[in-house]
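Going in written order, the chains are labelled A, B, C and D, and every chain counts its residues from 1.
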């Protein structure tokens, strides 16, 4: 029998008594699970939580309120974010940030937890630089393009949503002998596209990191037909030049085969988070509170090789997380 | 206690001993359930079944084979069609149909069951007119635009797929205050769009049957914002002039609000059929075999008010099934 | 082009100015869609809505509040009921009902809409009998066992949930050659079980309406094995004597084959409602408000053959809705 | 721009020209993706593949056949295993294994890949010990209880299936104020139960690794009610003494609250694999072929910290993979 640990209080050398939390940038499935984990962990440790609505936009407007464990009941399975999110031009000004800092001081907040992507972490970093308020970032974005964590909250769900679409096209492709081009999210990164390509058994994938000429796909499609494949499924990340429409036109022009396009768009941002996103969000929300209690600041909590990791916020946008070469290679091999 | 009927053999005055079955036109979820029902009902009644692959294209090429109840095992839940489907130019020629008729005679087929839409029923009707071979149509198309049946096989699943997308946009829309325009299938008919609009709680729906000017939606979106709605979801059938892109551009131009487009495309043709499509397909597959045994021909079997109905094939394309006015009115009322 | 009707106000000869709405009994997916439809239709017609929390239990305790169209925003896709539900012993007493009636009068309510099953309709009927308050019932129960409507709100979703489970068992059954017995809801009625059996391609179904001896299934399973079926799936309604456990034991005893049981339980009550339940709920919520405006009372609004129907509340529990014989026969034929 | 690697042939010092593959033990979602990866990787490297049907049972009976890349087309998304699986008593005898080894030699097989759990790896290990045939194991079991890999193929899907059930109960629990006890798979291990408890926001979880007395849950449920929680969800692994039924009875006896049980059973073994299982299976199938080419044998390929790992087969059953203490602690904290 395993010796299961008994729960103990986490030490609180930083003397944190009240934290604030907000979601910022594009929403991602699992943000609510992260908010819930922040609120419940804090409560468990005797710390109060202030929720900020509409991200930094709400912060410089003073849209703050106390939230407790019952306020986050029944939210772990919900897409979107109960704290809402918005983009803020004002936050990019020193005046805007000064107003936000003042609100946090007025509310007696000892540290701010920001759930979002690298743009949001810029805003958090500036707040800490200029006003000395401890900030912790939690990676919440479907694109998985943040340096310092193996995965970002929302990524697994976005992949699953896109994969479900691919599976449905496969049904009809297998019956009808057609080419399908499906555009998935990823303006600057091909993580989603690549994972969906492997999991969906796609014939080809186009990602921004490797802007190979679209002509090659014509040969691939013709080879597929020659090998007896009933249909071809091509994944295109939105950041690949020309997008799905461009790729589809090249295929139709080159092969004469009927080619259909699906553009998933923001559908991939919604939906109930899958288990992996909820567990990641739960672990990172817990870790963010502990990080403040430990006296950390200006870092993003992440998960690397199963362990909690801490990355200075500036590194999250200065360094680049590459797509997996092994996965890219695997996608090729398995489409044989 | 209910007196449950004992199974009896269905009378067979037409002396049917062997039937053929094919799927034609665009595939639809539930086609496999219909094939399975034809095969199993026939088997139960002591009748053999010949499966034709790739629709009429396979028929004039002689791509026929005997299929039994085990061949359709584990298919009721599969999207697509195990008999494959294709469009055939040759079938539109008398020579092509003559070749197909000869194959059916060579195989000793007493009647042909065609699962598809009105284009497919044209082909079946011509076969019966020119060669006297009994034909029965089963309505299989996601668009639900066939006169003579309350619903077509595949419609319920296509609606559910589109609805799932709307629900996901709703999550992100509720968090972010944006406008979403989602294009669903329906080149000539707004059935899917309308049902999705009511079930998805959309703010507005554009269908081919009512080409109202797109300008009105600008007012609707502005009213929504004024009423405090966090976001607006607009459904557009692909057959509405300009499609989703046109509607989105008009909204952005008129309101200045960020507007996002999703185009589902052929995703709506795939996926495991929902229960309603499987049950409808099972009932109609059974009814099609019984119809041949009863000596019927040149009719489509459908379901109207819970009962099996028979509609002369030409009526299925000559008459028009309107969208439900009550539903259209309901969509409006409930978006208040 | 279809001539689409313009919206007009519904006449209001009964002079309804304020209605109350509650959900009662076991919850069912789509109840929120019905509440939303009541609120929005009323608002559209210039009528106010009072929401009662926790059913009749909340009514006799005075748990009432005004609700508007924004309160039901983003609820159409949610399972459960935002008004909560509960069973009430007090409501079965004249004193309890008198208190509830007084609260309704205090709030100036002109009519009460009750969403629930036949037990709930008993409570509504008594209120109208004793206190002259107009009441309208909306059929909300997953069991589909209410006389006076082709389907009840929640039924389609419950079927889909159970069917999803059957599909998953089919995967593993096809790989492993085992017998699966799956128990679905239905204490007194086999509607769910029968629909799931046809849609899931089950080998046998046991329902309360036909308590045939369990011994017969042993022969069926042995025949299945002889016919080359990889596995057998048996559906049992919870109301069949002995339930799934009893059936499984009989099969193991008679065949010696490994038999596995799944008991879905209340899972079938939850989940996001499928489109059919949402549209039905939307139509019936709308119809309930119109019914009060038309001066109707003591009736359940339902849908029969696509049209709104009105059934005196007592008939909903005095008369019985039988399971479909055609479907029962179809289940048998297609398991050949 | 990232420098993406060009595909090259994998070196083949072991001179592998033909491999065999089988699935064994309980089936798991993703087994087909693993088979497909084995077949396609081998094909890509110029190696032939022999598929063995029904696991070791088929091996000692000689149920072998060549399979190519088109045979695994359209299978990546399918639950179950196209090679079927079975338990074999004969394989536990030296004579049975000798017959299997002879078949492999007759077919010119240079190595055997076994997809399954520790029982299956026993069988593979014995084959290598007694007959010198290189064997590689791929971890395919939903229970995630194999030492030597962070996750097993099928685990993520099983968790998602159970989580979906928890979400549905949450809907109805939130509306009705009841206690739900849900039994998930895991005869000897609590991995699934624990992950589902965190992801589902359960109030308590009972796992075989920590057989704490069931009485404690009574206090937890009463505390939950006191804290204002509308309902409680309790997860029980099937291996916890007494199972879900035992826990439910203790709660009802101790609190007097209505308690409902759901037993998911083999549903968790089926369904289309989620992306994480497909990608893991694809990577491990590829790695298994490379391992044979590299001259490895008697090891299981796994994934640890994102990298392919190799574990001697005996270690997979001699060593134990504990449940995550951090996760167990997290489950507690977040149920506050």
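Assume a residue touches a chain if its C-beta (ideal position, glycine included) is under 8 Å from a C-beta of that chain, and two chains touch if they have at least 3 such contacts.
If you want to know which protein each chain is, UniProt gives these names: A, B, C, D = ATP-dependent 6-phosphofructokinase.
None of these values were measured; they are calculated from a predicted model.
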Touching chain C and also chain D, the following chains: none
Whole-Å gap separating chain B and chain D, where each centre is the average of the chain's CA atoms: 38
Centre distance in Å when chain B and chain C are each reduced to the mean of their C-alpha atoms: 27
Separation of mean Cα positions, chain B and chain A [Å, integer]: 37
Set of chain A residues in contact with two or more other chains: 167, 170, 174
All chain pairs that touch each other: A-B, A-D, B-C, C-D
Interface residues, chain A side, partner chain B - complex: 23, 26-27, 29, 31, 78-81, 84-86, 161, 165, 167-172, 174-178, 180, 260-271
Chain D partner contacts - residues on chain A that touch it in the complex: 1-2, 4-5, 7, 36-37, 40-41, 43-44, 69-70, 73-74, 76-77, 150, 156, 159-160, 163, 167, 170, 174, 195-196, 198-201, 209-211, 227-230, 272, 274-276, 278-279, 282-283, 286, 305-306, 322-323, 325-330, 332-336
